[in-house]
Every structure is written in C-alpha cells, then in structure tokens.
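Listed after this line are the structures, all set down as structure tokens.
Look for chain A in each of the two complexes below; its partner is chain B in the first and chain C in the second.
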Partner chain A sequence: MADADLSEAEKTFILHSVQDNFREDGRGNEDFRHLEVETGLISNTNGSARVRLANTDVLVGVKVQLTAVDPEKPEVGRLEFFIDCSANATPAFEGRGGEELGSEISAMLTRAYSCPSAVDFHSLCVLPGQQCWLLYIDVLVLECGGNLFDAVSIAVKAALFNLKIPNVTMTKDEGGVELDLSDDPFDFKRLNVSGAPVIVTVNKIGHKHVVDASEKEEECTLARIMLGVTEKGSITAMRKEGSGSLDSDSISEMMEVCKSS
Partner chain B sequence: MAGMELLSDQGFRIDGRKPHELRRIRFKKGVFRQADGSAYLEQGNTKVLAAVYGPHEIRGSRGKALHDKLLINCQYSMATFSTQDRKRRPRGDRKAQEMTSHLKQTFDAVVMTELFPKVQLDIFVEVLQSDGGNYCASVNAATLALVDAGIPMKDYVIACSGSHMRDTPIVDMNHLEESSGGAEVIMAILPRCDQIVFLEMNSRLHEDHLSGVMDHVMVGCKDIFNVLNQQVQDELCQKTELDKIVTTG
Partner chain C sequence: MSVDIRLASSRPAGADLYHGDNPGNIVTPGDIITADTGFMRGHGTYMEDDCLHASVAGTVERVNKLISVKPLKTRYNGEIGDVVIGRIRELAQKRWKVETHSRMDSVLMLSSVNLPGGELRRRSEEDEKMMRHYLKEGDLISAEVQNVMSDGCLSLHTRSLKYGKLGQGCLVCVSPSLVLRRKTHFHNLPIGASIILGNNGYIWISPTAQDKSEESGGYETNLQPVPKSDREVIARLRNCVLALADCKMLLFDTCILYAYEASLKYAVKDLLKPEVAVEVVDLVRQRLELEGS
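Here is the complex of A and B:
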C-alpha cells in the first residue's frame, strides 16, 4: 500500500525472526497491535466508528434509508458497502488510484456479511413485501499501516453496534400505508451484531503464519488468507491473495490460527 | 421551516450566536504519522482533515513540472457520510473540482514556490462532516498542515465566510444559513499583511452593503487567526522547552 522499501537485509531479518516467533516490534506471531475503537463520532450519520490499529486509521459511517424491498427476498433488509481510500493515506490513492483496493475490500465485506446469520436481516424489514431498511455502510480509509482488512471489518462491526435505527410508525390510509420516521433522538432500536463477522488476515512468511502484519511484514509475505470469522467460530468468507502457493496443510493450520484470534 | 428565523429580533442566530460570533474552533496538528504534515480542524460541526505530502518528485507526467516554481497539487474530497443526504461520489464531481482549483489558487499565492523548482507538493483535504464553511475550514486546516510539515509560507492563510441578513452583517455561517438563499461572501486573507488571497461571492448583494460585509469578514478572519496562532505558538513553546530540557538536562 504505502511505500515501504525494504532492503534485502531487512527482509531476511524479518523472515528469520518470524521463524523464531519473534517479530520486528517484539510481538509474538499471534499478537495483535494496540487497538483503539471509538464510536458515535459523526452526528450526521445513524452510526459511526473509528478504529486505530497502530498506524492504520479507518472511519466508518452508517446511514439508513427506507427503500423498496428486493423482490427475491421480500422479508429482509439490505446492506451496501462503499469503501473510499482517501488520498491522505498515501498519495498513490489520489483521484481513482484507490478504487481497486476499495472494490476488493468492499467485495470481501459483502461476501462476509451475505451469510443470513451475520446480521438479523429480518429486523431490518419494515413492511414485509414492500419496505425495508437499506444500510449504507461507508468506509473511509485515512491511513494505511498494514492489516487494512482487519481494521476495516472491526470498524464496520463497531459502527453497526453503534447504529441507531429510528422507529417507524405506520398509519393506514385509503391509498396505502404511510410510514413516519420518528424524529425523537431517543426513540430508536439497535441492531444485534453479535453474529457479525470480523475479517482476520493470516500472512505466510517463510514457513510460519503471522497475524496482524505491519507494512514491512506484508512486503515479505508470500501469500495470505483472509477469513471472515464470527464469534461462534463459523467462517463466512474466505479469500487467498498473493503470488505464493499454499498447500492444504498450511491452509488448515492457518484457519485454526484465524479462529483462535 | 416555519417559525425559525435566521436572525431573531433579539439579534441571535439559529444556533444562538451573535452576528459577529464565530463557531467553536478546535484543532490538532500532526494526526497522521505517514504524511509529512497533517491537521484536523473543527469549526462548529464542520470537521476537516488535511494532509500534506512533499515536496517530492513529480508523480505521473513529467511534463507538468514547472521549471522555476513548485507545483502544488490539491485534492478536495468529501466523505460520503459528511452531508445530511448521502453523497454518491466523494470526489470528481463539479463542486469538488471547483473547490480543488480554488484551494490550489489560494496556496499558490502563499507558499514560497520559488524555493522548490521542478518538484511537487501534495495537499489533500478530506471533509468528514459538512455543516457550512467547507472551503473556509479546508483552507484553515490546510494552513495548519503546511505549518506542521514545515513548508515555507509568507503568512498563515485564514478564510472566513460572511453574509448580510436583515441589515446586519453576519460571520461564519453554518449550512442552514448558507442554504437560505442570501448572499455569501467568502474571503481568504493573509492576516498579518492584511492581503486578500481569495474572494468569492454568491447570489445578490447590494453594493452599499458589500464593503461592510467584507470588513466584518476580515475581522472574523483575524479572530480565527488569533485562535489558531495562539495554540500553535503555545505548542511550539512547550516543544522547545522540552527540547531544552533534553539537551541541557
């Protein structure tokens, strides 16, 4: 993502130290960096969160909107993800530079949340067969310090947790049913996000697996696997990235590591 | 909105301010480690982040390089959740491009461009929450980011907006006041030299009122400058005291 030029000596150092379960900043292979989560920052939105994972800074805002229901799934609401990689993160993201990365993250999140048990979609339905809530989840990547996918998914989960959906009152008219959104700032309902998945990225450096890689470690990675994991341990999405190849043993090992994180 | 006047009979505006009163300003420099300079500024409910990268080699087409001056590259983008209605495109629409060129024009006049020929400076502004005065907050945040990055400038650039309402000039408008349809004067000045770098006016304003409004906006800019300068100098003093302790103690 950002420019992290590593010399051969640095790469070798990282490679060897990881084999001994010792990373550049003194962590073990399975330790996460310091993580800070803040919610409710942006008053324009219905829910928001900000996550700082060492250098990585991600801001998420969620806005709700009443829309017509998807004819194939008339009883459930919908989520729509939009990732904006701001130029603040690195000048390479200026203009349309960050779109590729943004669409990758957005696709991964959509797959992770497409599982029916992730979020209680039925509670997002207002009028079965007619109206439902559409949640616009907008992610703004402010700074890239490695391990972007994890930070983004944590921020999304936190923002959904912070989300306040206004209560709707329905009045029956001759023409149909009229929906009134409550203006009262204290009249809302929350979304149950205990089943929401979090993406964990496991990088393969040499023969060992590393969780929460910094940028330098990401440069040394041959291949990585991203898993969307829920609290109960079930996997909702999986994706492999990188030019290295993995054999099936390493994949199952990495999945175990992911689940325990 | 029935019953809500922009300026009440007692002389108070919608958010309870007096006509010449500014919104609360809070800022923090150096919020990003990766950028050379960065600043986060809040003016009332408008929240803006600015990041500065550079000066560095020209990225992209070498043809754009100026042989005798620094090339300033700006980008203004708004987060999709920044406005009341969700914004589809963060950048690339006409408004953003207009803002980008205004910012570029403003900073071209202030940064000492003769010192850096053939290189490029990047200024990126991201609006997190928009409640009126987007341009002003962007300019102020970008100035702080340039100060944080240590780019040589002639002076601070401070921007403020103003209008004329019911025979009273008002200063620093929020979104409701801006969209009410009255005239809006936006000015960016160099406060210590009393020079105007950028001036824009929307809608109609009688010429008799114009100089009055401009004077008030100037005063508003100088007030903002005092607020920002005070905190920047305090932080600098604290930092130099700390350095003194480290080097001598």
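Here is the complex of A and C:
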C-alpha cells in the first residue's frame, strides 16, 4: 500500500484538516469510523468476537481452563492475553515484525484489566484456595488499518460478553473434591463485563488531537496516549507513545475526550 | 462525538447489486473454458486432460486462436501510454524507483523528467546529486508509462507539463480493474476539485489549482492551507469514490460526478456508513442506465 510514507504535501493537508476539525473523510476530530461487531463465530472456543473498524479487522477467541489458584490471590480467577499480529495484516508484520507490537498490546490489556472492578474475578473462582478459572484470551489481527488498540479492546470486551463458562458440579470424594465440567451446551454462566475497560487512543497531530486515526493520520502523529476507560469513566491504564512532548494542559484535555467517548 | 457500533448480522445480506445483463463469460479457477484443442493458451489458463481450464477468476478473452482469462482482481499490469500515480520509494543511480501497485516497482529515469526551469540539456553529475531536491522518498507523482521492459517493469516519464509532483490532496486506492482506459484521465470537476484517475488504481483528488502559470516546472509544492469549502468537496468525493469502488462500479468522471450529486443530501461522514453508500451507488446506477438508454 502506498500509505507507508506520505509526502510533505499530504502531511500538511492532513495537519490543516485536523486543525479545521474536518478530517480527510469528513469526520470531526472526535468521530469514530463505522464499527461492526460480530460474536459467537468460532465454535470450539468458549467465547469469540470479530470487530471490523473500517480497514482494521480483529478476531478474538476466549477459552477457559481450570487451574490451580495463584497463592497470593486465592479467591480470584485470572486472565491471560496473547496477541498475534499475523503477517496478513501488514507487510511490516512479516516474520517477527509483529511480535513487538503484539507484546505491547498484551501488556496494555493486562494492565487495563488488572483493576479489580474490571471483571468480576471472584465469580471466576471455583474452589476458594484451590481451583479457579483461567481465561486464555487470544487475539488475531487480520488486517491493520489504523487504530489497532481500540479495535482490539472492543473485540476483547465483546468476546468476554459472549463467553460461556461451563457450570461445575462438585462431588466430595475421599481424596478431596472432584470437579465435573458440565457437557451440556446450554448449562453455562456468563461473565459480567459491564465494568470491562475499553482502550481509547488519542493521537496528537499538530496542536490538536484526534480519536480513531486512520493509517495516514497515524503517520502524522507526533505522540499518542492510550487510556483504558470503563463505562463509569474511571481510568484503569494509561500509556504514552511517540517522541513528541505533551504539556499537561493537552494531556488533561485528551483525558477528558477519552472519558466522554 | 458519535461512535456508531452495529452488529454484523444487521448488514444487508447479499443485496442484489448487479441488475445488468450477465455477460456470460465470467469464469472461476478450475472452470473448463473449452474442450477444443485448436486454441492457443494465453495468460490465466492451463491445460489439463485435453481441456482448457481457467486458473484465475475473470473474463474470457478470445483473439482469433488465442484464449486468455483477464483477472478481475489483480496487480496493475501496465500498457504504454497509461497514466499512473506513484509514490517514490527510493533513489537509485540516475533513476527513481516508483511504487505503482504493480508486481515490481516502476522506474522513472532522470532523463525522463522535466528539470525545474524547463531547461533542455544533458543531465550531468550535478543533476544526479540534486535528484533528492526534485523528488524524494514519499513524494507522489503523476506520470505516463513510456515503456514496458522485458521483465514486466514499467518505465515512466513526466515529460509533459501536466505530469509531475502532486501537491496537497487526498489519495484513494482502489482496484486497478475499476479504472478504464480513456482519452483523458485528468478531470477538472466543476465543483472545485480536480481528480486524476490513475490506471493503476490510485486516484488523486486535489483542489483545482488556481493559477496555471507555473514556471517552476511543477516541483514546488504549495503548502498553503486549503480552504474548508474545498476540503469538504474533496472529502465528499473521496467517500463517493470509495463507495463506488466497494460496489465494484467502473470509475470515470461522469459516474463520480453523479455520485457526488446523489450524495449531497447526506453529511460527508454519513457516506462512510455502508447503507448510505449502497443507496448512493444505486442512484448512480439508475441514472447511468437512464442516460445510456
């Protein structure tokens, strides 16, 4: 694609359009592109979702597994993220190119979900002190068209919403407690994800900031802030990228924008 | 501030988009084209069990005894005389490597460009060293295909004043098969924007240049801010072109103009929604059929 680097004139054009609050495709600085969500696609996972945000295409699958409890936190379950930026997404992800970005995204997601009110971790506990649910959340980036973090976080939230955790029946044995996973496809419980955070990326172009940048706009950004925001408006994680500097006024402005979106 | 989220299941499923006559000679990979052995095999075909099969999805073309299949989705295959838009990828000895969405990077020789100032002289060492001043990596140019080399690599030239470095504007990438070969690819639309339809699928939309007298030879880009009204026109045109490309309509100036007129009743960013795009394209199709008949 010819969007890899832009000419000076194109960058100037985008810069001026952001300043006018009228971007290349007619959106305002705070408008998102058209977003499409689909859940329940993959039959051999416990929960799945696919999100299409213009060119960006992300697929998430969630599988559950019973494991021993973390001795420091014996009452709660755990989440584990793995992001695979496939080479299909962009030529830059060929070979091992996508690993760095993948680990960045998974670190951000882990931080965002580490807040105790994000997901009801206590409901993931099966046997306090012994067994809990471990959720493996695998993200596959099919196509990268700008604003990857947001799309991934929306897909993760949708997949968790779609998640069906099989009910467990406990039978007391002489040796201990035996756990039986129900095979019935209709016998499950759902996870409450109303508090799950969504990552919003705010890019700084020139002196203004935009939300949901396309690839071209991402080329022109000096710096960006990614915030994990919950429905109630509380911030669970924050990360800054880029070599541009932000003064505190613009940071607080951008945080407000994030919260309201 | 609006975030429009919707379920994929609410997308209009398999809308009946194509109302015209079926050309009847579209094949998919593996289809048998003919069992007659008297034909020569062209591109996109292979012989198996004495039958000619298609290896790509496309239309069958027959020239006397030669059968070939022209694919619908393909990289750009250049012909001499095509107008293309390309991005400079790298600088090499006495030439620029230009990316044109074809299988190989095209080549723009130093001797094939107009020097600034319009002078005509032999290119010297000095010129080679100044190459980066004329065109550097990332710049967009419009050029014409001068020659197709034996390995398929295209040789471009910008020997006319209408070609050269492109200034401020918006690049839209569509499939090369949607842009037909026409008499002219440079259109100055009456609504205040110019559009260049590159045969390689790159479409450049820019504000109409105010003054036509450019003694600089087209190397100095105007970095003045483009007025908002022009910007709206450009954004609307961009969304219209993308809508037409999504519905696989052939692109030419009248159809883009019709799409623009049909889209005036929506806000520019509403055109990004699929149902609005489909509606606009339907109106265009009806209008074209009306004009055609």
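The definition used in the following text is that the second predicted complex is superposed on the first by the 258 of 261 C-alpha atoms of A that agree within 3 Å, B and C clash if a C-alpha of one lies under 4 Å from a C-alpha of the other, contacts with A are read in each partner's own complex, and residues count from 1 in each chain.
Please note the rule applied: a residue touches a chain if its C-beta (ideal position, glycine included) is under 8 Å from a C-beta of that chain, and two chains touch if they have at least 3 such contacts.
In this text, all values refer to a predicted model and were calculated from it rather than measured experimentally.
In the superposed model, A:115 lies in contact with neither chain B nor chain C.
In the overlay built on the shared chain, the residue A:44 is in contact with chain B alone; chain C does not reach it. Judged by the touch definition given at the top, the superposed model places A:82 against chain B, while chain C stays out of reach. Using the contact criterion defined above for the overlaid structures, shared-chain residue A:52 touches chain C, although it does not reach chain B.
Look at A:13: by the touch rule set out above, it reaches chain C but stays clear of chain B.
When the two complexes are overlaid on their common chain A, residue A:127 makes contact with neither chain B nor chain C. Contacts of A:61 after superposition: chain B is touched, whereas chain C is not reached. Of the two partner chains placed by the overlay, neither chain B nor chain C lies in contact with A:179. When the two complexes are superposed on chain A, the residues of chain A that touch both chain B and chain C are 2.
Across the interface of their complex, chain A is touched by residues 32-35, 38, 45, 47, 49, 51, 53, 59, 73, 75, 77, 79-84, 86, 90-92, 122, 124, 126, 128-130 of chain B. Against chain A, the residues of chain C that register as touching in their complex are 1-9, 11, 86-87, 99, 101, 137-140, 165-171, 173, 202, 221-223, 225-226, 228, 231-232, 234-236, 238-239, 267-269, 271-274. Within the complex, the chain A residues that touch chain B are 2, 42-45, 48, 55, 57, 59, 61-63, 65, 82, 84, 86-91, 94-96, 136, 138, 140, 142-145.
Considering their complex, residues 1-3, 5-10, 12-13, 16-17, 20, 22-28, 30-38, 50, 52, 54, 154, 260-261 of chain A touch chain C.
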